[in-house]
């Protein structure tokens, strides 16, 4: 399931509900991305996530479908927040459930790597010197590229 | 045709979206970009630089050769930075 | 921090507390291993985790230290349950916090791989045909072996 | 010397741990294993098979050449299966 939310969300509460009561699940991997209070030596006072409503949901749904095609997943959850948020607050939660751990771990990392390079979100940081748009990082492109090969199952 | 701009490209056009009626010669995303560069000179400055601007047509990633028509939604935005 | 517990624990509640309030954390990766209700076609009615008290804590502490040596981690949590448990119940929780996601993801997978091959736990399954000890899997040894090389940081 | 057995090795000896006083010739884990094989024949059956049994001395992984003495805690167990 995918969700784009424009206010705070609670990753622990979401994880408490995720795959609850399913006794066929042997492994749950999850990732939470949070706003940090600095980037290198620059303090970050706040972060605003802009997105492309409609295309965002479409791309996230496609990422979920691709992860399910590559790994035998029993459940998938992607929550991405948009709008303005403060250091320490969660930006994104990805959780995957499978019978075995490698499928859970790999699909979770895959979803984050592709989300970072394919889902239409843009980060605007507020620093003491003013606002600045976060630049895309080539390391994210490289991380995403490693999944271009068929999954080693 | 509806055109949308995101992140710092939006700050260069000064509008988030606009309805336009480009001339018939505008058949592809690349044609449209050249047309919009005249309309928004500060957008034009960056549309030249390869790799800086991404395109979507009807909410799907597109490239300069992707055809566009009057009923399409076309978006211009920088490389994504979510997650 | 490492903990060996002999009763149920709540991974979501643990994750709610993990690295809470730290604004230097940009990434939290976690893994929960649960008792499954079957193994292939064999129903699993319950699972008992035996361990080697003393050596267990020593090995888990060493795994945490090794993970912290390899990646710039801001926090680490490993909880492993022992005793008898039922399908759906958590066996193990590993969580890692870092500034960036690759350190969090990789260290979490590393901790699980080494825990599976180095920490002195043994699983006894209850099936309709009786009890049986789970056999070590060569795939776990192979997964652990990939970390023998220095971490690609 | 304290000797501990875990998982299905414990089921073969019938005891979880025992205090023993082996003869002076028992200087290594390998010597001890041969000595214990006489004491617990069903343990002896599997101690021969390489890779089936793991050793620890004072709660650290050990091998057949690791020295053992009267004040040591020595453990025998199958490959681990936690997590």
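First chain written, first letter: the chains are A, B, C and D, and each begins at residue 1.
What we mean here is this: a residue touches a chain if its C-beta (ideal position, glycine included) is under 8 Å from a C-beta of that chain, and two chains touch if they have at least 3 such contacts.
Remember, it's a predicted structure, so these values are computed and weren't measured experimentally.
Inter-chain spacing, taken between the CA centroids of subunit B and subunit D, is 72 Å. Annotation: 26 Å between the Cα-based centres of subunit C and subunit D. Centre-to-centre separation of subunit A and subunit D, using mean CA positions: 48 Å.
Residue positions of subunit B touching 2 or more other chains, listed in rising order: 83.
Among the residues of subunit A, those touching two or more other chains are numbered 33, 101, 112. If touching chains are joined by edges, the resulting network of the protein chains shown is an open path.
Chain pairs that touch, as defined above: A-B, A-C, C-D. Residues of subunit C that touch subunit D in their complex: 33, 49-52, 54-55, 58, 80, 91-92, 112, 115-124, 133-136.
For subunit D in complex with subunit C, the residues that touch the partner chain are 4, 6-8, 56, 59-61, 75, 77-83. Contact residues on subunit C toward subunit A in their complex (touch as defined above): 10-13, 15-16, 21-38, 87-88, 99, 101-102, 104-105, 108-109, 112, 143.
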